[in-house]
Amino acid sequence: MPDTADILRLESLQVHFPIQRGLFDRVLGRPAGAVRAVDGIDLNIGRGEIVALVGESGSGKTTVGRVITKLAQPTGGRLLFEGRNMTAERGSSALRPYRHRVQMIFQDAYQALNPRHTVFDIVAEPLRSLRLVDNVTQLAERVSKALAAAGLNPAGDFFSRFPHELSGGQRQRVVIAGALAVKPELIIADEPVSMLDVSIRAQILQVLVDLRDKHNMALLFITHDLPLAWLIADRIAVLYLGKLVEIGSADEITFNPRHPYTVALRNATPQIGGNAGRAVLPALQGEVPSAARVPKGCRFHPRCPLTFDRCKKEEPPPIEVGPQHLSACWLAK
Amino acid sequence: MTNSSQDKAPLLDVNCLSVDYGLKGVSLRAIDRVSFALQAGEAVGLVGESGSGKTTTAMAIAGLLSPNARVSSGEVRYRGSRLPIDDDAAMRPHRWCETSVVFQGAMNALNPVHRIIKQIAEPCMLKLGMSRGEATARARELLGLVGIPTDRGSAYPHELSGGMRQRVMIAMALACRPSIVIGDEPTTALDVITQAQILKLLGELRSRLSLALILITHDLSVVAECCDRVMIMYAGRIVEDGTVAEIFAQPKHPYTRLLIESIPNPASGKKMIRPIPGDPPNLVNRPSGCAFHPRCPSAMGVCGTEVPSLDQFGRGRVACHLHRSSRGDKVAVHA
Amino acid sequence: MSESIVQYYPRSRTRAIKAFLGQFLGHGGARLGLLCLVFFVAVAAVPTFLVGPLQTAINATGDFLMPPSGEHLLGTDEVGRDVLNLVVHGARISLVIALLATVISLVVGTTIGMTAGYYGGRVDVWLMRLTDFFFVMPSFVLALVITPVVLEVMGRGGEILGFRPSLFVIIVVIGMTSWAFVARIVRSQTLSLKERTFIDRARVVGSSNSSIMVRHILPNLVPQIAANGALVVAGAIYVETSLSFLGLGDPLQPSWGTLLSLAQRAGAASAGAWWYLAAPGVCVLSVSLSFVLIGNALDDTFNPRRRVIP
């Protein structure tokens, strides 16, 4: 059972990107707008816990991951790692201890690998730049171990290969090996299998779950696939237009969703078991509104099949609907 | 004909089709003796992992093979007559008017500097010889058909979301009233909700316009939602073909079974990750015998040496030594 | 993309280089350019062996402005020097100037372009203003400004880094006026490279800015730098020619440009001494053309869109 002391905590995290105003707007003195990519998120991840972050494209999942890995700077809220405020920390040397413990797996493995570096260089890069090894023998040893842990055996065969000489699944494993090489305590995985074939997906998932089981590593698993989130995660957080609309245990969210958006997500997921137990609500119409124009009141109300007056005026707070299960909907009670 | 249980003459009949790609001196067999029939109004899923030959099959049928491709055996018949699939010019009257394609990743292929209505009207003018006014009217009608408000027609592609652009691509494919639409991974780049909307749209269009649909995907659950029949491809060959209900209830080929098991299914209640062992096949060095044998949990001695033929089995077809038809009627093997 | 095809791609660096050479030499233009270049480099390497020591007015071997003959294959100039002799000796000076100027231009251009593109913001704005300044600055003007300063400091007879001052000035001037072109190309390439996911990954694994620039961005710039480098050489030869033509060259170490200028001043065109103008002119044209051909072939080879396998 995972140890539940929180390793990471996000407190009302907010990322707004300024919109470039046109000349016209400036002349007319229109206020500069903002893309509210992440709009106040509270989330905690326990040690050795797997949390899935689920949402449509454009809902802000990647931005959350980029804030945690310090690739984007939040415009509000706090990022706490083991209780320490990391929000303002900057610069590659100041961040070194943090980088040592928090790593990321990218969505598109091919893009994430420098085409001119060999697999060895790629996996060795974090060890070199974080100064985790003293000599070449140690380096080679840790690179081999990381490759083996990511399921690339025999590791030596891959040392001198270039990314284009690997299959899609192997490339994703190289990215994973690079993240593992530093033995992090938290990994942010941004849609790590969405670019992969079904037949390879499960292999990568297995590697990730094994890491948690063997090294008590925590994982933030970003995906838009609800069944996949259910399969791998302990808890699922559902994101809509930059805000968490529901959060709870994987089983609760999958079998007992309390937010109309989560229900819609579940209904939209194609399933081989047929339509049993679905279509409780009509399918969602329209598209996610732009994050530059977040609707007033409940941000889901223009698409919600259950919307009523109050939804248009007041934004619902997260409401406790079960043990550890919150839903931001006026009807959740 | 390969599918003897069907008595109607098929709309499209692909017979023993093989396509090779020439590549710096080596030649690579992308699809190998693919045979199937498609009835009018039928929706067939073509499923397989990346590189298994799905797109090549589709492009061959539409006569859109790339210049380094060669049709090395077989033929494609449309309403009984042979299609000149390796002759680009001769295929021109057929393409778009009878068979049209929604390409993989095509929504990024829209011309960024033209309004979408113009891009939809273009094929109507070129193919059907319509005047500009007629073509624009037709384009409006098509926009309505795919669920885009007509006034959005003056938008540029970058002003539309991925789902809307995919709808535009579908509208363009429907412009000349084809009877077959091939969708090459039409929803792969989209998220679940948009995917559901597009699949629903394709289903509606299909019944409304009595289209035959070939849906290419690597996601079996997509096929489960909107196809009647599914064909599983592996390393350039069809390894199993049957109705959706039968294949999901009782997969016969071990690869199909493993594919289905690897889909997370909350309804089953079992949180289990079941990877398919091994790596995808290498087409240049294709494994001997059954191409799946290095990864197959049921592989036998004969699997490494003898290529299993795609035989009739029950109401479907399967190519596996575990399921040899008692009648043993093999598909004609081309030299 | 297909995994199976990818297997066919060469495994090791040496084989990658072989594949590259194979493709590069597949271009007819590249072969022609290389051939021509090898010829001129060979000539420039051993001029004395080929045509004897550089002729001056004192040891000139022929009559004034003689047309080509068995004795003087390319005729003679207005003081009786053998034009072939002058052109062969000029090759060395011209090539040295062009190559050294190119090195300066590539080093400066790459450093400034990469820094501006990578850091962006204010650094970018100021560096690009500097670049634009040099971009529009005519080399002739810069030469006019620098020459007196250098001559003042060094005197005509001195040597800077083994070069006579006027040569040194020409090298520096060409280097300084051609880097802006390189910087712009490098900057725009860097701007797109730095958005690539592998740069994000490098940051997440703790690499510093300098190591990201050196280890990730620079190697991916090599194709652009190489292809444009060849074009810079071609340009440098032209600029050298025109500077010398304007009288900024070194009369004691004649380059092709100096020869052209001498021929012009001696009234070769009006006197019908076409050989005097044509010999250095054809050399300038063929060398710069070879570099252009090589540059285009490099561009073609490196351009992933034109490759069979991306």
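By written order: A, B and C. Residues from 1 in each chain.
The rule is short, and it goes like this: contacts are C-beta pairs under 8 Å (C-beta built on N, C-alpha and C of every residue); 3 or more make two chains touch, one makes a residue touch a chain.
Chains and their UniProt names: A = Oligopeptide ABC transporter ATP-binding protein; B = Dipeptide/oligopeptide/nickel ABC transporter ATP-binding protein; C = ABC transporter permease.
Keep in mind the model is a prediction, meaning the values are calculated, not measured.
Counting C-beta pairs in contact, the chain pair with the largest number is A-B. Centroid distances from chain B, each centroid being the mean of CA atoms, peak for C.
In terms of their C-alpha centroids, the spacing between chain A and chain C amounts to 50 Å. In this assembly, the C-alpha centroid of chain A lies 32 Å from the C-alpha centroid of chain B. Here the spacing of chain B and chain C, counted between their Cα centres, is 53 Å. The set of chain B residues that touch two or more partner chains comprises 50, 280.
For chain A, residues that reach two or more other chains under the stated contact definition are 167-168. Contacts with at least two other chains are made by residues 3, 7 of chain C. By the touch rule above, chain A contacts chain C in their complex via residues 66, 69-71, 92-93, 95-96, 99-100, 103-104, 106, 108, 111-117, 125-126, 129-130, 160-162, 164-168, 175, 178-179, 182. Within the complex, the chain C residues that touch chain A are 3, 6-7, 9, 11-12, 16, 196-198, 200-209, 211, 215-216, 219-220, 309. Contact residues of chain A toward chain B in the complex are 56-57, 167-170, 197-203, 205-206, 209, 224-228, 230-232, 254-255, 264-265, 267-274, 276-277, 283-284, 287-288. Interface residues of chain B, counted against chain A in their complex, comprise 49-50, 161-164, 190-197, 199-200, 218-222, 224-225, 248, 258-260, 262-268, 271, 273-276, 279-280.
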